[in-house]
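Next up: some structures, all given as structure tokens.
Look for chain A in each of the two complexes below; its partner is chain B in the first and chain C in the second.
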Partner chain A sequence: MASDTMTAPPLVDETKPVRHLLAGVVFLVLAVAVRAAVSLVGIGESATVAFDRTLTDFSWTLPSDPVVAFLNLVVVGLAIWMIVGLPQRWFKIATAAAVTAVVLSLLIWNYSQPGTVFRAESILAGALFLSMPYLFGAFSGVVCERSGVINIGIEGQFLMGAFTGVLVANITGNVYAGMVGAMLAGSLSTMLLALLATKYQVNQVVVGVILNLLALGFTSFMYDQLKKAEGLNSAYSVKTITWGPLTDIPILGPVLFQQKVFVYVGIAMVAVVWFLLYRTRWGLRTRAVGEHPAAADSMGVNVNRLRFWNVTVAGLLSGFGGAWFTIANSLAFGKNMTAGLGFVALAVMIVGRWNPLGVLAGALIFGFTTQVARDLDAAGASIVPGEFLQMLPYAVTLVVVAGLIGRAKAPAADGVPYNPGDK
Partner chain B sequence: MRLELKGLTKKFGSFTADDDIDLVVEPGQIHAVLGENGAGKSTLMNMLYGILQPTSGEILIDGEPVDFSDPGEAIAAGIGMVHQHFKLVGPFSVADNVQLGREHTRFAGVLSAGAARRAVRDVSEQYGLHLDPDAICEDLPVGVQQRVEIVKALSGPKTELLILDEPTAVLTPAEITELLQIMRNLAEGGTSILFISHKLKEVQAVADTITVIRRGKVVAELEPTASESEMASAMVGRAVSLQVDKSAAEPGEPRLEVTDLTVVTDAGVKALDGLELTVHAGEIVGLAGVEGNGQTELARSILGLLKPDAGHIAIDGEDVHGRNPARRIKAGLGYIPEDRGRDGLVAEFSVAENLVLNQYRDAPFASSGVVNASAVDRRAVDSIAEFDIRTQSPDESASSLSGGNQQKVIIAREFSRPRRFLVAAQPTRGVDVGATQFIHSRLVAERDTGTGILLISSELDEIYALADRIAVIYNGRIVGEVDPDTPREVIGRLMVGGRLDDETDTADDEADSGPEAAAVVNDAEVETETETDVETSTETDEDANGGDR
Partner chain C sequence: MSTETETPAPEQPESAETTEPRPNFMRLFGRYLIEANSVMVTIYSLVMAFFIGAVLLIVSDEGVRSTWTYFFARPQDALSASWNLVYDSYLALFQGAILNLNTLEAFRAGDVEFGNLLRPLSETLLNATPLIFTGLAVGLAFRAGLFNIGAQGQMIFGMLGALVIGFTLNLPAAIHLPLAVIAGAVAGGIFGAVPGVLKATTGAHEVISSIMLNNIAALFLVWAIGSQFLHSETKSELVTKPVNETATLPTLLSSFNPSLRVNLALLLGVAAAVFVWWLLSKSTFGFRIRAVGFNEHASATAGMRIGATYTTTMAAAGALAGLAGAALSLGVGASGITTNTALEYGFDGITVALLGRAKPGGIVAAAILFGALKAGSLSAQPAVPVDISILLQAIIVLFIAAPALVKAILHLRAPRGGLVTLEAKGW
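What follows is the complex of A and B.
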């Protein structure tokens, strides 16, 4: 399009303070709401943080009421600073601090209930483990959308991966073969998307929706069939990898050195995807094809071929993420067991601004809130009903997308089919 | 490199875009290909660059026939192309844009940023095109972006032929001067240049030889000494008058008064910054300026599509604050939008329906909310005859018309009802010479009936041809109001933020681009005073339609 090359000369660099004002008001309301809720429902005397896996004798007790009150004041202070006006460069930091303070005060409030202990190591380790499906799904999305193809079929690829992983593991008796099977199943599913998106130039969102429904229908049908046969849908699991003495390091040990292979692959993928995208010829061309396919085409890059293969390979990632649901969790396949997490992975991709490092941060936020909600639910002592806690990640997404990072900008040619010879 | 085209033909179905084109570019020669929009210039260049494949005929490089199936092969053969619409990836650095498709790698496809940077520096030094390899392209001014494109084209393994497709469409006068100088330097260094344009003055100023194409055929080979009207006649196929006849304006009472108008964009940038402007009855005020300095926002604010953050707009003496576009139109506002694909026409509607878009609710076109089809048809038949709209029937969809005829539909619609004030934004963009002439004369006739007209145009020649008064917009403000006999370089200076009384600035500007370059503009200016011309379109028809695909 002509408009994107005709950029205006830089005009007056003056940012609207409206966003700051709005954020300030929102945080003020939040602070008041937290204060009101705490005084209405009441707060326990102290919250206990335990290092439950390494230093089992040690625990750390916080006087919950004063700490929550202090955090509340911090939020109020930051909110007022935003309202009266603060330099742009401080805005992000202040927002991050305010969000952290709100989340912390909610955590302390919840864990101040008698009988609850914030088992720091278990919760953080669980959070990292739970962030993996988001990470793999979002990476699949990043690779597709960076090359200009919208992949909202991640949910379907998860289902295909989860199902095929178990099936192949059962047939071969080898759990790693199951993982490879899951990857290939995910890839087959994106290959269909790639074909329809590049060769036939079908609307990619429609294709994605259809692929999701197709995967749901197919795996549910096959699940019913497999139930009749013996030993095709039994749970398979992978061992937890422990790194000897490293596991005894407080916090780090349980979180990083006592995890399943999925976590290590996931962490490695952050570095690998980042390096491939930003430091290699493939990455440069992929980003070019997603931003301005005509530019890439004019320099001899075959746009549709690159898109086809990128999308097909991205399916390996989301398929592997699918295997997490069954193999990593030592579960048999169940109908619709992915429960919409594929769509959450899309949100993670957007929160992470199509960047592997951002995706890691987003996935961790979602993993952490999910884990905390589960933990409090299990303790049965949650002040806030579990459903509200389950909402937390989505609320955080809204805050992050709306305030913290401004408008997330998708690759310019995301979802736009390319016809060679187009201008 | 010596390039020869022999009988090159391209057919799209039954339509022949290029028919038996013969052309020779000698080494170190600047060869201009001149033609109207839709004449087949771009198709020709796309064949040369491997984007399209010829139906028949051949391309010879240094006597050897070549056959490109994609741009990569053309690049490998030594052809570089600067596209009319830049092919730059906005968020990429200059170095990344230049290396795209022929990356500097260390091993296994790992990029070497240092080598890419060095390569850009080497090429830019070799040809005297200063560039910062680490600058992000979308932050660069258009003129610099074009330099990136040129460096990109020259960075091929052995680029010896450069194709420049309508390279001046988006440039300021100073940038154009600079570009022409760059072209001369390149040609002196032995690079052959194919220069595609429909701007006569530039072609005259820089070309060694000129080939004129009309409807896909070579119709003339001219020397650069040929006069502008000779070139224009060859392009259009009939004698063209480059003059607009108009008498002196007789301004009456104010029809548009804009006071302190401020519009802040979503990005928080002031697109209009306290703009003040008055247009009187019976005069054409030309709003000159580089695109993107607030023209679009001003036009949209006047129509009521944008809500200003501060300031007032009065049409015919009445403050129109808070009124929607329909009420403003009813009050006598006419509006020719700059982007006809987006704001001017409903592409899927018929010509007849498009012709009454601004009054379909009113008698005689509707009664009690029911459209009177025969009244609409009668109006369409009348307008099609009066405005010479080339359409097969009034029922044809607007999207099937050529850009020029689409523009005539809009003009016909706006001119076929009583109005007090008219905004004409880029009224001849993507319109051929004949239609341009027609539109210009209608605008002048309209003025003479006492309508106030605000002419917004990125083409200085159009402003000079029509305006009774010229206002220059820069950064959302009117930075100067001058008479139409003001020299072009003064306005050019205002357009880039210089001041009216700033003489030292000129000296500097001219020194930058060299005395020879500065002379070009002056040469070209001599005969432009009240002359309209063929340069009035900046974009091809295909592109103007592209927006709604």
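What follows is the complex of A and C.
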């Protein structure tokens, strides 16, 4: 679908009004649903925001009912604007604003229940921590797809990393060796993808799905087999790193300076991947191979070799992301413990438009949603059933992929095998 | 599939070589065996998958692994332990899926009746039934160039749809059962149409939206089972109300033995396969599906409405997966479904469709094979890890999807028509 779109007629009716109309209707329905739910279940007097770790005696209360009503009106207004027609350049801003307003009103509504407090610092710190698997998975996807190979197997690489991380940590007794093992296991999985995608030119989406299944089957099988032996799947953990007095800064301290090594590596990777992609010779070649492999080839780049190594190295990132599930959470491996988050990571990559900074933003949004859902669920104070809260990341992905992004522009040669013979 | 290749072509130019004897049937058959045609690739994929499975069984078993540590001192220990492990494991799969040799002994001695012998086969077909539907759901979409990995979610909604009609209404069986089955298809179809509509209107890729819908459906199922409307009135654990007797799928073989659970849905599945075959090869709709799958740009140029085709194909695929759900909630789950009833039949549908090469006949055959694996692994656990069925399935279809890999590993010859491989497509 990629390289030949220049001459072909449009496949689907992409005229803007349809998309705007659809988005408008969706938001209108959402606004009505929120309104109905609020008046049906009722809403508390006020919602409280607290700085729970640094300024423990300070909190901030806002009247919930009027604020939710106002946000509701905002969503309705934006939806009507979309339906009657708005300039294209405003569409994305309006969508983002509407999504924010819906999420905020839901948040305030839920935290207006008596006994619940929006513990800002814990929640934001947790959100950053929870965004890490999305970040690593999406970076793996970015490196692969920028070089023109679709990596739908992030979920499988997560599973391999999560499993191998614990196994190697148990065998060696060293948690850092476990992390390296996780990276190598992820890389092994992508190496298979790379081999099949470049040398054997197989459909990459199909291979990715099969590799996910293979990883699920392999790790579950090994889990049952190794359960028979003692001490191969015990939980290992890493310490939280604190930065002395910096941790006492309100908000910033708990969020940024009191985290596990995974978070620091993740933040560093944003800069590293961005720099490598946009400021180095390797990055230029990678992007060229993903956009126009024939041109890169004629400039002397060995397309398939570069793709092979990029995809193989990208597996190190998703494998490390896999180690997050076990080592960062101090958990033993469990069957299918990644629970589809590898696919959410894929969505984060698309939301982030194959760009490291966009990916960071996307990962943070998803981490935040997940953390809030968990927090409300754990408090038992949620009005919405826990299962619906857990649906949030997936539902947001769906809305964002369909509404906000629409047809996101993937690298032009993404998923198209390159055969130097038939230019 | 390729019986024609066995008829020799008498005037072959290369047979002009004087030294080479005239091609006879055995020669051609021998050549056929070492060629990477689709039949042989399938067979070799199966063989290699079971070989890799055996290696993994040996490597991961602690007892056997310890015998390998002194391999050079006493190699026979390691070899016999490994052989026994693999033999026992695969025998257990076979006994659970096809024929239990102990029961056969007992039957010979006259201790058990004939029906008991059929039990493994009945379980195989029972497990194959939803796989036929989900395999068709994935395969049909494949032909339109859509990768429907949402069969799991569509099946879950089909399950719920059939269940709701199954226990709320009081009707004679002749109306109630068809109605419940149709409800399953409709629920699955509506849920399946969503990725199609999204792709047609916004361009969102069906793989991502289906995955999200799968997760949403799985969570929805957990909530729905626990909800007041569906939750069992008599049991406290997470299980739904049973469907009425009138909406339960009748079993086929229970006259032999009441434990034979295979039911009418199997025949429905075969009928669905025939219908899909007819749809794809004889109907206008099927022609449109194949045309869009073959070249969407050309189809658009020829005046076909691509978006509408995406939507209807996904709806039809969802309906097929919904039937799988109906087969579950009106069959094995008739006494109440749990979160476990759906297993991974929807995801397995992907492997079934790939192994069956998206053709209805192939899908039925693949579904029976994987149904056998599933039945075998379910009965052989915990001696054999139950997930060996997923593992073997994944390895098999990995090779099927990459015939060039099989060709390279086994040094096969290139077939005359070129390798049968799936077309590569981008986002």
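Going forward, the second predicted complex is superposed on the first by the 370 of 423 C-alpha atoms of A that agree within 3 Å, B and C clash if a C-alpha of one lies under 4 Å from a C-alpha of the other, contacts with A are read in each partner's own complex, and residues count from 1 in each chain.
Convention: contacts are C-beta pairs under 8 Å (C-beta built on N, C-alpha and C of every residue); 3 or more make two chains touch, one makes a residue touch a chain.
As the structure is a computational prediction, the values presented were derived from the model and not from experiment.
By the touch criterion defined above, A:Ser298 reaches chain B but does not reach chain C. Ranking chain B and chain C by residues of chain A touched puts C first. After overlaying the two complexes on the shared chain, residue contacts for A:Leu124 are found with neither chain B nor chain C. When the shared chain is aligned, chain C comes close enough to touch A:Leu216, but chain B does not. Once the two complexes are overlaid on the shared chain, A:Thr280 sits against chain B while remaining clear of chain C. When both complexes are overlaid on chain A, the residue A:Tyr200 reaches chain C alone and has no touch with chain B. In the overlay built on the shared chain, the residue A:Ala288 is in contact with chain B alone; chain C does not reach it. By the touch criterion defined above, A:Met183 reaches neither chain B nor chain C. Residues 1-2, 4, 8-14 of chain A lie in contact with chain B in one complex and with chain C in the other.
By the touch criterion stated above, chain A contacts chain B in their complex at residues 1-2, 4-16, 279-285, 287-288, 291-292, 294-302, 412, 420-421, 423. Chain C contributes residues 56-57, 60-62, 147, 149, 198-205, 207-209, 211-216, 219-220, 222-223, 296-297, 300-301, 306-307, 310, 347, 350-351, 354, 382, 385-395, 397-398, 401-402, 404-405, 408, 421-427 to its touches with chain A in the complex. Put simply, chain A touches chain C in their complex at residues 1-4, 8-14, 18-19, 22, 150, 152, 196, 199-207, 209-211, 213-214, 216-218, 220-226, 228-229, 335, 339-340, 343-344, 346-347, 350, 385, 387-388, 390-391, 394-395, 397-398, 401-403, 405-407, 410, 413-417.
Chain B makes touch with chain A in their complex at residues 46, 49, 51-52, 70-73, 75, 81, 83, 85-92, 96-97, 99-103, 105, 109-111, 138-142, 145, 152, 170, 264, 268-271, 273, 290-293, 475-476, 539, 542-543, 546-547.
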